[in-house]
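There are two complexes below, and they share chain A, which is joined by chain B in the first and by chain C in the second.
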Partner chain A sequence: MDMFFAAVLCYSIGILTLFAPHQRQIMAHYVANLAAVMGSGLVFFNAWSILASDIPVRAVKWGSYVLTCDGWSAAFLMLTGLAGIIASIYALGYAESYEGKRLRMLNGLWNLFICSMVLVLLAGDALSFLLFWEIMAVASFLLVNHEAEKRTTWNAAYQYLVMTSIGTAAIMIAFFLTATHSASFTFAAMANNTLEGGWLHAVFAAAFIGFALKAGFVPLHVWLPNAHPAAPSHVSALMSGVMLKIALYGFGRFMFDFLPEWNYWWAVIVMVIGLLSAFLGVLYAQMEVDIKRVLAYSSVENMGIIFAAFGCGMLLKVVTDSNWCQIGFLAALLHAFNHSIMKVLMFMSAGSIMHGTGSKNLELFGGLANKMPYTAIFTFIGAMGLAALPLTNGFVGEWMVLQSFITLGHNGLTQDVRLWTALAFVLMGLTGALALGCFVRYFGITFLGAARSKLVERAHESDTFMLAAMGMSSALVLICGIFPGYVIYLLCNALHMSDYMVLGVGGRLIWSGSGTFVTYNPILVAVVLGIIGVVVLYFVVGQKICIPKDVTWNCGTYPTARQQYSATGFSKPVRRAFDYLLKPKRERTYTQNDHSYFGRKLFYKLEIPDMITEKLYQPFNKYFVSASAFLRRLQQGSVRLYVSYVMVAMVIVLIWGAMYK
Partner chain B sequence: MEYLVVALMFVVFLQTRIMDLRRGVYCLGVQSALIAAACLVIGMSHGGGLHAFLPGVLTILVKVIFIPYAILKVVRNLQDESEIVSDINVNYSTAVAACALALSYMVFDSLLPHFEGRDILASSLFMIMTGLILIVMRSRAIMQMIGLITLENGIYLFGLVMTEGLPVIIELGVFLDVLIAVVILVILTSRLRVSFKTTDTNELNKLKG
Partner chain C sequence: MMNDVLMNLLYCLGQAVILLLLAPLVSGIVKKLKAFMQNRIGSSIFQEYYDIYKWWRKPTMLTPNTSIIFVAAPCVYFITTLAAASMLPNFIGGKANFGDVFVFVYLFALGRFFMAVSSMDAATAFGGMGGSREVYIAAFVEPVIMLGILSNALHTGSTSLTGMTLNPNEVNLTVASVLTGIAFFLVMLAENARIPVDNPDTHLELTMVHECMTLEYSGRLLSLIHWASQLKLLVFLLIFSLLYLPLNLPLAVKVLLGAAGVAVMETLNNKMRLFKVRIYLAAAGIMMLLAVVAR
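Right, the complex of A and B next:
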């Protein structure tokens, strides 16, 4: 525990740089971010040593407040520490561009944000959990609102604040209901609660809604694709990479400790909503042209996958009551860990692209690989990870998720469980395919082809810190993809499960829960892919030493950059296929029409309204406003009216008092 | 005592029918004088001394002399609108006041059966309600002030009957409160006249954002 306090001390130093004098802001910037790196390093190292050694941690008590750490929170602390180190190194370079734009504020809040996340994970009682949870929410709100000059930014920030407050309210209800049925507010006491009957369902519903809102589940995800693009990139990296995972932590805390007797329908709800979020998230990700919104929707997708795996584990536990259920939780935890590394990497690369070009519109990029070669390589690795291609850690996570669904199908002996499994495979399949398409589009449109605007010509590669951070995380993506054994070993410790069920000799992953032994050997895959690559290279390049370079034949005209696939055009087939879900609004007008075949100028506008916003939130909003308009008639500023309320109240009280004295 | 109560009820009913500001203020003075008389009667029935006379004398000084004088001074400045044009017919306010009187008797018969000061209690509640009715149903600021003083008189009478004399310090506090409230209201009414050229409180709705 002492080392965690040392980490909090480091963050406090970082927070105190807020008060550095204006002339010294660059120095304060370095101090703050180095403090964040140090603190995160301590958190990471300490969490790692807890997981590796499996020694129970001594809780620290202060009055009725408890700070403690068990396996489940150590796993998330490790993830927070790792992502914190990487993102803070990136911030050393990236945040410097905010010089003169409230830089000290940004760095101070940055430290506060990481510190509050660490403390949420350490909290051992309901009150301190809620306190740090709210500090986290407020710090992230202020960070999202950092570029408050822009109208869209503060719109997004306030939307985030409203949504996150609703989530906190739901979590408070869940904690309150649990704590009133137990001896005290500490987690240890709440684990021995006496909840029963309908209260169990109430606690589950409140906790699920609260944490699902933070995790960005459809239909509670609306704040997420707005808040992430508005925040500075390293902030969105950490919000997406870590803060969303803390929702999983909280939900797992409720499920494992406070509500150990699971209901069949709870598991189904968690799983199905997770799957639907995954599918809808990636579908909208495919449609976006703002790079950070693409990544934000991809976070919705991945949180969906993580919760689907978690729900699958719950369902396995409910249906079979065997140890096989651990695969679901392990898959959720592993994918959470992997996704946090990948998403931090991708948001950092998006930040570098924005830094280099000054835009985040996909349609304006193209051919950036020539200008930003390192960023291109790192983005490629991250995109591979998010598309769950082999050799990356994304694949390991999704392999595990799919294995847990296969295990569910194999062990769930009733028809309905098999039906849920079938649904899971359909949606996971669609999700995987769409994710692949989405990131092929993301990478291809940004880095390949010819430049689509002048912005690309002015683009420049990022500085050393940013490249170092991206390099570190892409190395981790590959290392955790090719040698996943150690991470899985640590996470098995976190879940108190024996790793012999998953790990084989020599880094192979072995799983026997699905009837037969299945194995995934990333090293073998790497070797085979390497050989195939060499062979292909030999045949393609080796035989044609002289590569003739020429202009592509284009019906006699010279090809221009505008003839390439645009980002919108690339996703057209998907938009067609899922027309009934997306309901795109097209607007096409000819502004100049000299000839019926050429020389036409076309104005094309495409809008993909978020159906959830349009069908759920806007009617609700409308209803709310009209209800308020009615209430406004009651309170309209007329003193006489107010006095008559007093009078009516008095008469009612008198009559009531006289009747029931 | 019964005659006082009857006279009081008559004056309060009259209050609901008066449209003219000046006559309204005179009526208020008479009402306060009756309260002062009731105060003195109750004080004497509990034995003499300074404590018996002080509230009555204070009532005469503050409510019978000072407040009507202050309000009349404002009314004098409002040359052209001494006539009230209320948006609600006066008959309605009288009818509602009659209902309030019936309600007061019903409430006290049910709450305190066989109480000897039944009529005084009922008339005090009746005054409170009538004060509120005047505030709600009249739109001129002066009339609302009259309503407020009526309400205040009702509360005072109620306290007098129920407690048979409050400690002097509280009596003084209550009178000071009323005094300050009236001073502030007079100032506000003058400002209202200057700003809006009228003392119609409906105009205040324009201040709404």
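Right, the complex of A and C next:
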């Protein structure tokens, strides 16, 4: 525990740089971010040693407040620490561009944000959990609102504040319902609660709504694609990479500790909503032209996959009551860890692109690989990871998620379980293929081809800190993809499951939940691809290559950058195939010009409104506003009216009192 | 232990090389059969070898605005297809113990990712068109393949390719096995860019998907792409014969039967419109779903 307090001390130094003098803001910037790197490093190494040695941690009590750490929270602390180190190194370079734009506030809040996430994970009682949860929410709100001069940022931040408050309210209800049925507010006491009957369902519903809102589940995701892109990039990286995972932490805490007897329908709800949110998330991701919104929707997708795997584990436990259910939880935890690394990498690369070009609109890029070669390589690795391709860590998680669904289908022998399994496979297949298309588009449009605007010609590569951070995380994507053994060993410790179930000799993954043994041996796959690769490379390098000075043949016309496929055009087939879900609004106007043979001028406008916002939130909003307008009639501002209200109230109270005398 | 791993690896790679050498022949046979059914004489069944040899000798032309991805993509496409071929249940002894069917499917996805990304590298309208359509078709192929895997895995209790292979002594025509067989055949046509989903023979921009992405390639890179595509067809024919064709026949006969099926489909059908592909694949998906329920 002491090392965690040392980490909090580091963060506090970072927070105190808020009060540095204006002239010293660059120095304060370095101090603050180095403090964040050190604090996160301490958190990471401490959590790692807890997981590796599996020694129970001594809880620290302070009145009714408890700080403690068990396996489940140590796994998330490790993830937070790792992402915190990487993102803070990135911030050393990236945040400097905010000089003169409230830089000290950015850095102070950055430390507060990481610190509050660490403390949420350490909280050992309901009150401190809620306290740190709120600090986390407020710190992230202020960070999202950092560029408040922009109207869109301001709107996004307030939408986030409202939604996250609703979520906190639901979580409070869940905690207080549990606490009223147990001896005290500590998690240990709440684990021995006496909840029964309908109360169980109420607690589940409140906890699920609260945490699903934080995790960005469809239909509660509407704030996410607005809020995450609005924040500075390193903040978006941690919001997507870590803060969403804390929702999984809280949900897991409820499921494992407070509500250990699961209902069949709870599991089905978690799994099916997870799958739907994965599918819809990636579908919207492919439609977006704002690079950070693409990534935000991709987070919705991956949180969906993570919760689907968790739900699959719950369902396996309910249906078969065997140890096979562990694979679902392990898959969820592993994918959470892997996704956090990948998403931090991708948001950092999006930040570099914005830093280099000054825009985040896909349609303006093209050919950036020449200007930003290192960023291009790192982004490519991240894109491969998010498309879950072999040899990246994304695939290890995906493999395990798919194995948990197969295990469910094989062990749950009833037709209804088989139906859920078939649904899972259809949606996982769709999600996987759409994610591949989404990141082909993301990378190809941004980095390849010819420049679509002047912004690209002015683009420049990022500085050393930013490249180092991206390099670290892309190396981790590959290392955790090819040698996943150690991470899985640590996460198995977190779940108190023996790793023989999933790990064999030489770092290969073994699973036997669906009858016979199946393996995935990433090292051997790498070796096989490498051997064939060397042979092929020998022949390809040995060939004659000629590069003519002229441009690509384009049916006799001189090709311009505008003739390339645009980002919107690239996703057109998918948009058309799913138009009953997406409901794109198109507006085309032709203007007739003098020459009837040469092309007419065409104005084209495409808008894909978020279906859920339009169908669910806007009507609700409308009724809410009109109801408020109705209630406003009570408040006329005249003192005489208020005096009469007081009198009426008093009369009622007197009558009431007389009745119950 | 180490020796064992090495021997297995050698067997797997040996099998992949044998399949690689046979692949153009199978494509040649499909073409010859097609020509026969269309009352043409057609080219020799060895023509594909000659073509590969021809491209292999020619120099490669690259357009000036391409990056390293453009050269890497055909190589990765070739490498992943070869690696997938080495994963098939081994018929020369040896055991592919580095992955199961999900690894197999995702290796093809790796190749597709590179090819689709490279399609945007030459900065023309054609390439992007191909890449865009490729990922669109893949989005509908993937769920059906996943259901096909589920259907077989529920039946055999395994997701390793060896474990999922039909036992020749227990082959019988059940509702589920016939439905998965038909559905997998339809998906195989889509995955390998054959008629009715895509036409491997034309370079007409309105019909092409896969050929569109390869338009800017030449020389050895082009021959790698074609060779890999032929190998992919052979690998899928083998998977179809081993896992999904419920007939008790020798493997070579089954593969030829599958190849004849491809030729018949290509003769009887036209290429369908791009947005009808989803209906075609939805039909395959529903058959797969029925098979899962009937298992």
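To be clear about the criterion, the second predicted complex is superposed on the first by the 612 of 661 C-alpha atoms of A that agree within 3 Å, B and C clash if a C-alpha of one lies under 4 Å from a C-alpha of the other, contacts with A are read in each partner's own complex, and residues count from 1 in each chain.
What we mean here is this: a residue touches a chain if its C-beta (ideal position, glycine included) is under 8 Å from a C-beta of that chain, and two chains touch if they have at least 3 such contacts.
Quick caveat, the model's predicted, so the values are computed rather than measured.
Student: With both structures superposed, pick whichever of chain B and chain C touches the larger number of chain A residues.
Tutor: C
Student: If we overlay the two complexes on their shared chain A, which of chain B and chain C does A:F113 touch? Say first, second, both or neither.
Tutor: Touch status of A:F113: no partner.
Student: Which partner chains sit in contact with A:T519 here, chain B, chain C, both or neither? Use first/second/both/neither.
Tutor: In the superposed model, A:T519 contacts chain C only, not chain B.
Student: Look at A:G637 in the shared chain and tell me whether it touches chain B only, chain C only, both, or neither; answer first, second, both or neither.
Tutor: First partner only, chain B.
Student: If we overlay the two complexes on their shared chain A, which of chain B and chain C does A:V651 touch? Say first, second, both or neither.
Tutor: first
Student: So, does A:I445 touch the first partner chain B, the second partner chain C, both, or neither?
Tutor: second
Student: Pick one for A:Q403: touches chain B only (first), chain C only (second), both, or neither.
Tutor: Only chain C is touched by A:Q403; chain B is not.
Student: Flag every residue of chain B that touches chain A in the complex, lowest number first.
Tutor: Counting only chain B, the residues touching chain A are 103, 106-107, 110-111, 125, 128-129, 132-133, 135-137, 139, 144, 201-202, 204-205, 207-208.
Student: Going by the contact rule set out above, which residues of chain A touch chain C in the complex?
Tutor: Those residues of chain A that touch chain C are 366-367, 369-370, 376, 380, 384, 387-391, 395, 398-399, 402-403, 406, 409-410, 415, 418-419, 421-422, 425-430, 432-434, 436-437, 439-441, 443-445, 447-450, 508, 514-521, 524-525, 527-529, 531-533, 536-537, 539-540, 543-552, 554, 559, 561, 563-565, 569-574, 576-577.
Student: Which residues of chain C touch chain A in their complex?
Tutor: 5, 9, 12-13, 16, 59-65, 67, 69, 71, 75, 78-80, 82-83, 86, 97-100, 102-103, 106-107, 109-110, 112-113, 116-125, 127-129, 131-133, 135-136, 138-147, 149-150, 153-154, 156-160, 163, 216, 219-221, 224, 274-275, 278, 285, 289, 292-293
Student: Which residues, counting only chain A, touch chain B once they are in their complex?
Tutor: Chain A residues touching chain B: 636-640, 643-644, 646-647, 650-651, 654-655, 657-659, 661.
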